[in-house]
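Chain nomenclature is as follows: A, B, C, D, E and F, assigned in order of appearance, with residue numbering initiated at 1 for each chain independently.
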Amino acid sequence: MTNHLAILQVVLPLIAAPLCSLINQAKACWLFATTISWLVFAISLSLFIEVQTGGSIRYEIGGWQPPWGIEYHIDALAAFVLLLVSAMAAITLSAFQRRITIEIPKHKQGLFYTAFLLCLTGLLGIVATGDAFNIFVFLEISSLSAYALIALGEDRRALTASFEYLIMGTIGATFILIGIGLLYMQTGTLNIVDLQTRIPAISHLHSVHAAFAFFTIGIFLKLALFPLHHWLPGAYAYAPSAVSTFLAATATKVALYLLYRVFYTIFGSEFSFEVLQLHYILMPLSILAIVISSLNAIFQQDVRKMLAYSSLGQIGYMTLGIALFSDAGLVASILHLFNHAFIKGALFMTLACFLFRTPSLRLDDLNGAGRAMPWVGFAFVVGGLGLIGVPLTSGFISKWLLVSAVIEQGHWWLVAIIVFSSLLALIYVWRVVEHLFFREASAALVANKQPIGALLPFTWVVLLSTLYFGINSDFPVQAAKAAAKALQ
Amino acid sequence: MKNNPVIKQTSFLLIPVILLFGLYVQFHGDYSPGGGFQAGVIFASGLILYALIEGQAKAEQVFSMRLARILSASGLLLYAGIGVASMFLGANFLDYNVLADDPLQGQHWGIFWVELGVGLTVTSVMLSIFYAFTNFK
Amino acid sequence: MILANSLYLNFAIPVIGACLIALLHQRRRTVELVFIGTAAVLLWNTLHLFDLGEAAYFINVSPFSLIDSIPLAFHLEPLGLLFSAIASSLFLVTTLYAIGYMNANNEKHLARFYFCFCIAIFAVMGIAFAANLLTLFIFYEILSFSTYPLVTHKGNEAARNGGRVYLGLLLSTSIGFFLIAILWVWSSTGELDFVRNGFLQEQMPKEALIILYTLFAFGVGKAGLMPFHRWLPSAMVAPTPVSALLHAVAVVKAGVFCVLKITVYVFGLDLLSEGSASNLIIWVATATMLLASLVALSQDNLKARLAYSTVSQLSYIVVGAALATASSVAGASMHMATHAVGKITLFFCAGAIYTAAKKTKVSELDGLAKVMPITFIAYTVAALSIIGLPPMAGSWSKWFLLDGALQAEYFWVAIAFIISTLLNMAYLLPVVARGFFAPAKDNLSGIQEAPWMCLLPLSITAISCFVLFFLLQELHHFLQPLFS
Amino acid sequence: MLSGLYNYWIAILLMAIGFYIVIAHSNLFTKMIGLNIFQTSVFILFISMGKVDGGTAPILSEAYTAYSNPLPHVLILTAIVVSVATTAVGLALIVSINRRYKTLDEHEIEQQELEQE
Amino acid sequence: MEDIIIIFLLSLLAITAIAIIFMRNMLSVIMLGSIYSLLSAVIFVVLDAVDVAFTEAAVGAGISSVLFLSAFAVTGKRQVLKQKNKLIAFVTVSLTAAALIYATSDMPYVGDPNAPVQTHVAARYIEQSGSEVGIPNMVTAVLASYRGFDTLGEVAVVFTAMIAVLLLLLRREEEELDREK
Amino acid sequence: MIAAALIAIMIVMLIALIRTCIGPTLFDRILAINTFSTATVLMISLYGFFNQRPEFLDIAIVYAMINFIGTVALLKLHRFDDLGHDGDES
């Protein structure tokens, strides 16, 4: 069966989803979905090892050879992102059972796990596939389930946020579809590897340029890159905590993966950067994203919204790495994708821990919560330090690589901007820390002893992994380098 | 719709035709336009027409929400199951050639079952979405 | 192997202490015992490191690599050993004092307090033994973060504001200047390891060296160079043992230690004394020295006065480093030790006065020496040492610094040293004068000496001010490997 | 030659109209219809590129040799399904929004949120 | 003749779309929407995409309209149709359209048999599917066999849509009623 | 011959479309839509013959059915404001 791992990666959760909807009993569904997610993680792990040792894997679905049939193509980058997504899914599902029982009405829980598995399927499918149109299909699977999952938030604003996401997401997906159409019109193929070989010959065509533009804008919409980011903060802030954790850690990362694929694999870096001079657009956008989102984050009263804005800023770092148009920049970008996913995931998990005892996540409701719940409070501090990029956390490693990539190109002003935004991060993280530790807790909070359950240990597992990758960065750095090499 | 015998009678004449036509589209999709998806939608439309005429409650007696959910899941499972079956028979996922001794026959079988899965899922999904909306008030 | 093990032990001890404290946080007595025990064992182990001798110097010990080719690495060298010895011995004294002070003043959240203390000393050990710039930076940041909860310990508005300035300034300078300087060094030389006589020779153009040195000196915000000194007085909101630790032992000394280490092992004395890379910093530090003294004069709050005095004294060390002659660097290193001992005594005295009499202002101290003689005698001894009068330890370090300034032919710096010494007298001695000679204004009955847990440490440190004077020859000898 | 680029131009016009409705109309319902128009225009774009002059529908028959390209048809079949799925989810959202806000006007919803703050 | 038909139908389609912008009545918008679907289905027939036309008729004019109507029934008839941000919308839309018009400048003409679309991948479907898959309807052959995985994804999309709608609209009582049965 | 019929149907379509747009009552519109879909059904059947592939009559059948369901739904909505209603008037 091992030679089928590539397809099982995606098909396993896809088969599990309808089964889960048939089981339709909260506890059993949870157990089932969690088991499946760990299996998926195991598959992605073995795929990762296989790709690291034996090079990229190609799998012809239906036995039809590539440009005619659909193929799965898992290279070092895809394996890396698959690992990330499946790990986050397994962790989220295992950790969040209690929160889901609290936040989701009982009769919807079975469907909730089904939708979660479908979302996972979609995200994995986007990464694994080697066919341009297949990307669109799986993009829609993940998006549709994400819309529903987000809309399950208790606040009614979850609904409007989800609707805005739906509109923006559909426009984005349709733009990507137009891009696929234009490319197909000029090349006659949908296979990514085939596209890659055919595009250089026709790169002078206007429609290829337009295809590039549509791809880029469509992915920017999904990625929530400034100024197309309005849907994201609401979506992350009002979604159920399990959903915001999972999506914050994976959804934008997969969109970023698509961006790499389009820029480097489909069109090739030469076309993207030398012919179209993409970095002249991407650089200012990234900088604006970094600065404006960080500034926005400072003024948020709701901590989840603050983290959402901070995510926007972090996306800016990742695109900045691309915009540098150098190997070092690309490695930094991929590494930051990985590190940030875990840091942000851990932070959202700590917030979910707080929710067990605080009425909401507004700053005033969190007064003294760190003292009342020291392990959770400390977890937030550690995660926050990672976000700022303090040494010994994995956030530092990726920022170090990013800044060295910037210095390599001699952009000293950019270094100043990165430093400035790190300080902004310090401000918004520290505002929360002050509320958590240096204000008096309300009597209700001190008296509330509701148990947190498995969520807390899992939060610490994720946090410790970010600390470990901050101390011994060999694994992610080597993986990021291999991934960047696969893109060249 | 006791008060509207014309509509009721016409519809009751039409519904079997629609369902039959749905089956035709489902199984004749290899030779003429159509296939599982179109058939599913047509089949669902027939049932929706029934729900429009006789009301939600009666329609659910014919085709309950629960049945719709089970069928939708089994349709998807059927499709994926064909893929897994070909995997167990030693070929790649969704490779129908190995489903029968003769590759062409295998392709026929594969497409037949796969289309059936599509049809099942689409019918029940469309219907349960319709139910969900009309029940919502 | 022995080297690695004893080094790691030095890191492990405070961490184990911290963990024990966190685990046992409900049992107050046990926590206190653990706290003292940690400090004692740490000191014992640190002193053992001296036994390894010169042969063990500059051998890198690296548990793992951080990024690519940059490892987290440690080594032994005289400066670091000196610093670790100062820190761990004073840490022991401070633990005693902290327990006495915290109990006497009914402070809360003791376990958190001791925990952070241990982590801070762990960071100090990291700084002392760091073998490359990145390791140094990492532990420098850990120190900032671990001392933040100590500064804001009281948790009120003032404490939060103080904490904000503290952390804000330290982090923004370290990320904005220090880290950038490190990255610059790395990207242009590809090296970060500390080596004898530095590794920047011929690697970078002259103009760049000036900027780089300035970046480093300002980046180490803990060295308190103006205009980045504001965190020091802000941190005065902390309980006194913290102030003592911050200002005498851990934080500020870590700052100047970083400057010294970078000067000696990154730039190298030859490079700096030949070129003009450090001129700007000499100017800035001299100005800080004088200005901070003037500000100290105007402060009525005793702790604030001592804080500005610290700012001023730190600049002695920075000037010493920046002058980059053998004498001045030796003087700077010694000053690190002598000032540490002196200043910690002064802070202990301020805390003892607060504990016993609840007085914080200089103008309220009239006649207090009659009821608290030991405290005031200790204060006098320490003040004299800081001013630099023989036979107190401070006299030696000032002598070397002055000698260094003259050797480097910076006559105006020498003059500034002398003016500053006069200013030192002007702001430190009024306390003595008021305590001993002014008639008491308020009713002093009922006030007696602070608890013995406070008195014992300050007596020990006061006596060391005196004893160190006679050990200076050996200290100088110990530092010789720096200049070979 | 069928009609040159006329198909594409109309598809672009439709796309623009759909897109315009999505952005400019404040009623969520109308936005969904706009989205539908937007997506349908892409279908026309795809289908037009599959057309072959003198070709016929891609169903094998002995009478013909030239067929139009079946691949875009397959893609668009999938895209239509995706579009109807999106419509269903969007409408479900609209219905829920209507229940919680009692309006479907974007600006009135914003207004309500502001008042609640 | 074909040209005339296609041009005329496309123009009708454009008129319908433009009319939707200016409609003030929600129900009319939905009705025009279904006309739009019908028209595009006819266009698909003329463009030889019979399967697509089939689907568009069943889905666009049928299911979509019914869904719109049922949602409309739930949300009530009083709908205010207003337009805001006209300028922003116009600029954005014009930019997108301009990009595409720019792209059309070197597109192959509609119906060109030598366009890359016709010569590369699709050629094999047309020539070989009869012998490789063995069914006359090439669209079904490609859909279910060559690109069967896409179709699996498509079924998953439909399934997801159901799960999503149920998650949003399902209410407790019905679920329990359902269980009793 | 077929061409002429096609042209006539197209004209019908245009007129029906105009009527749908201008209304004014709901019934005008419903009627117009009905006309329009009938025209489409005819159009598709005729086009099949015109193009010499009349086997696509299937599509025309679907259109006729869908058209009927749509009209019923529209009218029911107008009458009961609820598509799930059992249709008995009280």
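Keep this in mind: a contact is a pair of C-beta atoms (placed from the backbone, for glycine too) under 8 Å apart; a residue touches a chain by one contact, two chains touch by 3 or more.
Being a predicted model, the structure only gives us computed values, none of them experimental.
Trainee: Give the fewest steps needed to get from subunit E to subunit F, where each step moves from one chain to a chain it touches.
Mentor: Minimal hop count between subunit E and subunit F: 1.
Trainee: Measuring centre to centre with C-alpha atoms, which chain is farthest from subunit B?
Mentor: C
Trainee: Approximately how many whole Å separate the CA-defined centres of subunit B and subunit C?
Mentor: Computed value for the inter-centroid distance: 79 Å.
Trainee: Counting only Cα atoms for the centres, state how far subunit C is from subunit F in Å.
Mentor: Between these chains, centre-to-centre, one finds 89 Å.
Trainee: So, what's the distance in Å between the C-alpha centres of subunit D and subunit B?
Mentor: So the centre of subunit B lies 24 Å away from the centre of subunit D.
Trainee: I'd like the Å distance between the centres of subunit B and subunit E, where a centre is the mean of that chain's Cα atoms.
Mentor: Each chain's C-alpha centroid was found; their separation is 20 Å.
Trainee: Specify, in ascending order, the residues of subunit E that touch 2 or more different other chains.
Mentor: Residues 50-51, 53-55, 58-59, 62-63, 66-67, 70-74, 100, 104, 107-108, 115, 117-118, 121-122, 125, 136-137, 139, 141, 143, 145, 147-154, 156-161, 164-166, 168-170.
Trainee: Going by the contact rule already set, what residues in subunit A reach two or more other chains?
Mentor: 14, 17-18, 21, 61-62, 133, 137, 140, 144, 147-148, 151, 178, 184-185, 190
Trainee: Touching two or more other chains, which residues of subunit B qualify?
Mentor: In subunit B, 25, 31-34, 37-38, 42, 45, 48, 69, 72-73, 76, 80, 83, 93-94, 96, 129-130, 132-137 touch at least two other chains.
Trainee: So with touch defined the way it is at the top, what topology do the chains form here? Options are line, ring, star, complete, other.
Mentor: Shape = other; not a path, cycle, star or full graph.
Trainee: Between which chains does touch occur?
Mentor: Here the touching chain pairs work out to A-B, A-C, A-D, A-E, B-D, B-E, B-F, D-E, D-F, E-F.
Trainee: How about subunit A: which of its residues touch subunit D in the complex?
Mentor: 133, 136-137, 140, 144, 147-148, 151, 156-157, 159-160, 162-163, 166-167, 170-171, 173-174, 177-178, 181, 184-185, 190
Trainee: Under the touch definition given earlier, write down the residues of subunit A that touch subunit C in their complex.
Mentor: 385, 390-392, 397, 400-401, 403-404, 407-408, 415, 419, 422-423, 426-427, 430, 434, 437-440, 471-474, 477
Trainee: Which stretch or stretches of subunit F touch subunit E in the complex?
Mentor: By the definition above, subunit F touches subunit E via 3, 6, 10, 13-14, 17, 20-21, 23, 26, 29-30, 33, 36-37, 40, 43-44, 47, 50, 56, 58-59, 62-63, 66-67, 69-70, 73-74, 77, 81-83.
Trainee: Please give the residue numbers of subunit C that touch subunit A in the complex, ascending.
Mentor: 64-68, 72, 134, 137-138, 141-142, 145, 149, 152, 155, 159-160, 163-164, 167-168, 171-172, 175-176, 179-180, 183-184, 186-187
Trainee: Per the contact definition, I'd like the list of subunit E residues that touch subunit D in the complex.
Mentor: Residue list for subunit E touching subunit D: 2-3, 6-7, 10-11, 13-14, 17-18, 20-21, 26, 29-30, 33, 36-37, 40, 43-44, 47-52, 55-56, 59-60, 63-64, 67-68, 71-72, 74-76, 79-86, 88-90, 92-94, 96-97, 100-101, 104, 107-113, 115, 117-118, 121-122, 125-126, 129-130, 136-139, 141-143, 147, 150-151, 153-154, 157-158, 160-161, 164-165, 168-169.
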